[in-house]
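Both complexes shown next keep subunit A, but they swap its partner, so subunit B is in the first and subunit C is in the second.
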Partner chain A sequence: MSKSNFTRRGMLKTSALAGAGVALPTIFTASSAAAYMNEPKGGSVTLGFNVPQTGAYADEGADELRAYELAVEHLNGGGDGGMMNTFSSKALQGNGILGKKVEYVTGDTQTKSDAARASAKSMIEKDGAIMITGGSSSGVAVAVQGLCQEAGIIFMAGLTHSNDTTGKDKKANGFRHFFNAYMSAAALAPVLKNRYGADRKAYHLTADYTWGWTQEESIAAATEEMGWETVNKVRTPLAATDFSSYIAPVLNSGADVLVLNHYGGNMVNSLTNAVQFGLREKMVNGKQFEIVVPLYSRLMARGAGENVKGILGSTNWHWSLTDEASQAFVKSFGEKFGFPPSQAAHTCYVQTLLYADACERAGTFNPCGIGEALEGFEFDGLGNGPTLYRAGDHQCFKDVLVVKGKENPTSEFDLLEVVEITPRAQVEYPVDHPMFAGGALGACNAG
Partner chain B sequence: MLGLNKKDTLLFWIVAALALLAPFILNPFPEGSSLAQMFNAGYPDLMQRFVIFGILVIGFNILFGLTGYLSFGHAAFLGIGSYSAVWMFKLVGMNVIPAILLAMIVSGVFALLIGYISLRRSGIYFSILTLAIAQMCYNLAYSVLGNPSSNFNLTNGETGLQLSLDDARILGESVTAEGALPVTNFFGLAMRSSYQMDVGGWLFTFNAGYYLSAIIMLVSFYVSIRIFRSPFGLMLRAVKSNQQRMNYTGLNTRPYILAAFVISGIYAGLAGGLLSSMDPLAGAERMHWTASGEIVIMAILGGVGTLIGPVLGAGFNEYFKNILSKINDNVLHDWLGFLPDGFENLLVGFLHYFVGKGWHLTLGIMFMLVIIFLPGGLVQGGQRIARLFRRKKNSDETQQTPAE
Partner chain C sequence: MDAIILQILNGLDKGSAYALIALGLTLIFGTLGVVNFAHGALFMIGAFCAVTLNKLLSLSYMVEDPTRTDFLGKPLQVATPYVHGWFGEATGEALIDWSVPLAILFSIPVMIAVGFIMERGLIKHFYKRPHADQILVTFGLAIVLQELIKSFYGANPIPTPAPEVFRGSFDFGVMLGFDPNAIIYPYWRMVYFAFSALIIGAVFAFLRFTTFGMVVRAGMADRETVGLLGINIDKRFTIMFGLAAAVAGVAGVMYAPINSPNYHMGMDFLVLSFVVVVVGGMGSLPGAVLAGFMLGILEAFASMNQVKAIIPGIDQIIIYLIAIIIILTRPRGLMGKKGVMEE
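After this line comes the complex of A and B, so read on.
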């Protein structure tokens, strides 16, 4: 048993200790020496590239990482400069950012919010990263964006297509270049009407997380407006790899269009399953059965192979675009890695350049200064034509591409053809649009 | 001291010293060196994970180590604790104490329910039952209770439950004066505030959240020692060695096992509450069956049924998970730069498969090596080394039975 003796001296000692303990908080609120979180002190500045290296979106993650490598090389003055030469803002000199050499650290988000936060935290706390970028899932992007807001770090979202990223979960420290589900729906709906008619019955298979939900909502709203009927909406887990049990009920539902709100490995598997079940040869209600994949990428088209022929979808960017900027990017990416970049690579490369450029124009790495430099920023020459970073929700507005799986591909990369370039005006929406309502940017946080 | 025998007191002080001096121990390399960039683990997030997962596995060990009942669904309690804590932050206030208390209570209630059902079976059937129930919890959290468009959004699905600016927080403020989210705190001491000490080339970070977790871990560790040494602990051990014989003597063992199950559930809930207190986001992946599996792996890595094993196993697993996944080809080139070019590229090409996205593979190999050569976990490794030294000193000493 324990013995305890209360003596006067003992009490004094204990209370002195306790007093010191109470006083601690005032001492321990340190790290006020720097003007903002992770202010770069030496001759270099560290960026954190947080991408999925395992999980359903690993292919996209690998391509994003390549793009980041290329962007860092260009920022430090290596290579041929890529889109830095075509970018309308000429603040970047090829001598790093604000004269500091750009270094980077990488991490694995595992396509999971928890793991992504842990990885981002280690970049911020251990490696002193001044900006976090990447992510290939909206769930992850929203979670990491929240973390960066709390930590006082800028988050440049990579591939995230959910309305929520710049809608209900928008944050002052977070910025998105990629388009979103609403824009996909707005661009895709008229094309669908032209090709498949106004009298269709749609069946949705949806990845069960923020992106899937908002895309399903957006596509259903846009198609219903033009006269389609939504027969059913079925949610599938993000980690699912076999969708046959979800495809079978489609056959008996009376639907004549299947909308796959899936991305990455999910879409490759679900589309393959759907084709194996012979959905594309079916005639339902006297009409040819059609499959639509609202968000498309070359990597997915490649994964799904033959099955993508003739299937419609939308994309943020495609390497076959012939403008000068896209050509410059495809050239330098191709020279370094031996194949053309995906839309994920493009948006990540552009985000890194936009961040660096904002630092140069603001003359500081302070997140609040960078935020001001990016808000309302109009630019061109990054592959999407004239683009606006809207101040109200930190979303980029630009043209959207409607694409189709090529019937006769000439190479293993030439899988998509651009059907239509939907002008920016057609996909714009007000900041307080119901699908985006419910959140607030809040104030910028510098840590 | 405090009702511990001499050996346990020593063990307790060793763990206490390890925990309290962790910022020094985990930062052996000077700041800025390339070794530091990779191997230093003395940053708040990872240190917090060490002790929090330590608590989780200490609790798991009370069930698995003492009674031999292998729960394959322990992550469910971690998740339930996390969600409870975040809801406390959303509704009541940002002080971590009420959040942690609620996390412990809610996970204790769940453990009572789940334990009551699953403990009707033992052995593999018990494991499968717990696994199934945990997966049900996961699916509920991931999908059914987590759809933002429904009226009842308890978990926010895949994105994870987060704080937002329009939360109620009746005992605190919804938004700070600067328009930001308030931070989690312990009576005003922010969990993320840290004090940094520059000593020569070294930079040591003392983080408030870490020290709170470490102290709670020490208390949990102490309680676990007391349970191990108590008559109750003895009863649990008896269950492990022969439950049938216990039953034949007319003793009903189920209440004892249920108590152990609830205690270990509360430990897991405490760990979950702490995780949310350090970083107020609760994701459903925390409850996935792979997370449960990881708890089992940590316990086995450290040494099942030992006191210090869980802490070591949790530390080992978290450390390598974080370090390996961050090594990329560039880092490898940096390290191996001294080799001839062709050989360097070959070696980097080979090692490429074991780091970055291949971290699962390396961790798996390490786990296999430990299980094959040290079936008693890392604790057995320590004992072997200790015995090696002891034998040198006085070789005539009779071999001791291994420590707990």
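After this line comes the complex of A and C, so read on.
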């Protein structure tokens, strides 16, 4: 019978010494071999675009993917460079990111939190994605942001409008360029007062989920502050398709304004139903009855057709803006795809450039380095005027557009017109504002 | 009182859609014994018949307008529908405006053809299989059909307005002595209700007063005996499948202006319509119609603020709650017959 000289304790000691020996050369160098999650090793770097490719928001997801494709093309030196030419930061050279060619993988969120997390996880673990971006729903954005925080990956949010994304659910690894419900309300309320007066009674129909709740809270607070009375707040199921039962009692409630805190298919159907019921032709309390859609999307406006004419709302960006940056983006996108980009496409394109630029300025793909580069970053030339990525909550602060449905559109894309560009100062709020309370950024996680 | 009348009216148009879909489902189940989960997809295809005819009538040629520019600064291409050139601007515009009612004529042959292909191509192979197999295959078919529609028309809802003359709403309140605006109801929903009543009446009359209908009813009661009399009941049942598809299709066509059609609208109605069939009684045509209107009206009442204040969230569960109560107290449904799905 042979006797081994190996013991368990001896094995552990040897392993520890060997491990320390192997790690020693890299511990004291900035570019350690495994310093952070999915550190790019070869000549390329992979970004993960997580958008709804199936389900009700698939068209919006398709537009986001087009924008990502365009951004990657521009980052790699292709095309006309788009907004890289107008961006105030000149760190991007059109040679990829930090000299590495940009490649991408895509995932399908299906606008479901669990599916979105699964596709993001797959892109991080199997494809080695260094950054995840995308989304057309706040529920999804919050879920994926949480996953990226745990995984040690930067999350550059796409279209997400709930206050919670950079409020109670904010994360150190998550960044949002898109505006939020508070900003919509702050921009919209003064315009509503100017057009419809200070003595109005509002009736809210609200989609019963995180975005709807924060939108309702924000717009009700902003309109009440200027003198409006909130007559009723009615929550509608997210799965509802026919809103007639919810709309029919509106006129009889004494309200003279209907606020539709709906998005996507909900918005299309509730607005269509409201117009069918003839609400806009009625006089209540001696005033013309009005409808307000706080968050507009061109893609949704197409679904509602003529019903959007004259109805006020807000957007993050619109292709008709005449500033040099917006026009550069519209030209790039329009010549490549044959139609103007949506606001979802714009924010996704911008987020990709901002991430790449932060990598260049930080000189690393390390999420913590990128986070530091983005925090407090002030920039211009990306279509929204001077913009700040606030360090305290990772929310971008910029001008907000108040729009209304166009009376005489010239094409199927020409549905909204800009009524007012609300200056950034009017939509700013403190980090500890009660509507955003309850969460903490926490520490950056590099994986 | 006005709120109650208002919700009854709301329930009637919802109930109309439920009743029409449930009627088709029951026809198929009663004749062929198939639980057809693709029936909602037939409703959706009907709505897209309206979209298709609207798009066909709106097909346009482009005329350059040098005085205006597009988003890229190039001369604007203005779309002019071909029908304007063919029939004159007024007639052409009227054709586009009336595309939804016209789509009824367009949809009937399309839906009968779709129904025939579905039944002969796939469903007939599952007649003797368990109901679970039938549900699986028809559910799969429904998903395939909705994805096909999505690949052609996209995921966004497509606005398909009613004719101009039917837009707006009627003030029942004034007529009934209430305050103005107390009870308003859109014209098109009134049209939809009347249309549903007409279709339901026509189906019942067809089954009741024609020889074909009599044979079908006899086949539903005792398929074997009818077959022994030398009647090809299978052929007649296939025709009934086509008829049920056409009923679902025209219901979808007329529903298009109420809510902009989208690829998953069939699924939205499917589950509720099955509940309607079960509540009405499997295989009972009057039961399907009765349950459709009853559940539509109860659903409308449940979404009243006064009701939701007492039982929050009741609007989301009312139909299922009623279904549970009915099944517990009357296991065969409101008008179900002994022996149906009980072997």
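We adopt the following convention: the second predicted complex is superposed on the first by the 413 of 447 C-alpha atoms of A that agree within 3 Å, B and C clash if a C-alpha of one lies under 4 Å from a C-alpha of the other, contacts with A are read in each partner's own complex, and residues count from 1 in each chain.
Quick note on the criterion: a contact is a pair of C-beta atoms (placed from the backbone, for glycine too) under 8 Å apart; a residue touches a chain by one contact, two chains touch by 3 or more.
A quick note: this is a predicted structure, and the numbers were derived from the prediction, not measured.
Once the two complexes are overlaid on the shared chain, A:112 sits against subunit B while remaining clear of subunit C. Of the two partner chains placed by the overlay, neither subunit B nor subunit C lies in contact with A:224.
Once the two complexes are overlaid on the shared chain, A:237 sits against subunit B and subunit C alike. In the superposition on chain A, contact is made by A:58 with both subunit B and subunit C. When both complexes are overlaid on chain A, the residue A:199 reaches neither subunit B nor subunit C.
Of the two partner chains placed by superposition, A:378 touches none, neither subunit B nor subunit C. Within the superposed three-chain model, A:249 lies in touch with subunit C and out of touch with subunit B [touch as defined at top]. Within the superposed three-chain model, A:432 lies out of touch with both subunit B and subunit C [touch as defined at top]. In the superposition on chain A, A:209 makes contact with subunit B only, while subunit C stays out of contact range. Common to the subunit B and subunit C contact sets on subunit A are residues 54, 58, 237. In the complex of the two chains, the subunit A residues touching subunit C come out as 54-59, 232, 234, 237, 239, 241-242, 244-246, 248-249, 251-252, 265, 268-269, 272-273, 276-278, 281-282, 284, 299-300, 302-307, 319-320, 330-331, 334-335, 339-340, 410-411, 413-414.
If you check the complex, the residues on subunit A that touch subunit B are 1-2, 24-25, 27-31, 53-54, 58, 62, 105-108, 112-115, 117-119, 121-122, 125-127, 138-139, 142-143, 146-147, 149-151, 164, 168-169, 208-210, 213, 217, 235, 237-238, 439-440, 442-443, 445.
Only residues 2-3, 6-7, 9-11, 13-14, 68, 70-72, 76, 78, 150, 154-159, 161, 167-169, 179, 181-182, 184-186, 188-189, 257-260, 262, 264-265, 268, 299-300, 303-305, 308, 315-316 of subunit C touch subunit A when the two sit together in their complex.
Those residues of subunit B lying in contact with subunit A across their complex are 1-3, 37, 40, 43-46, 49, 142-143, 147-149, 157-160, 162-166, 175, 178-181, 183, 188-190, 192-196, 205-206, 208, 279, 281, 283, 285-286, 322, 325-326, 328, 356-357, 359-360.
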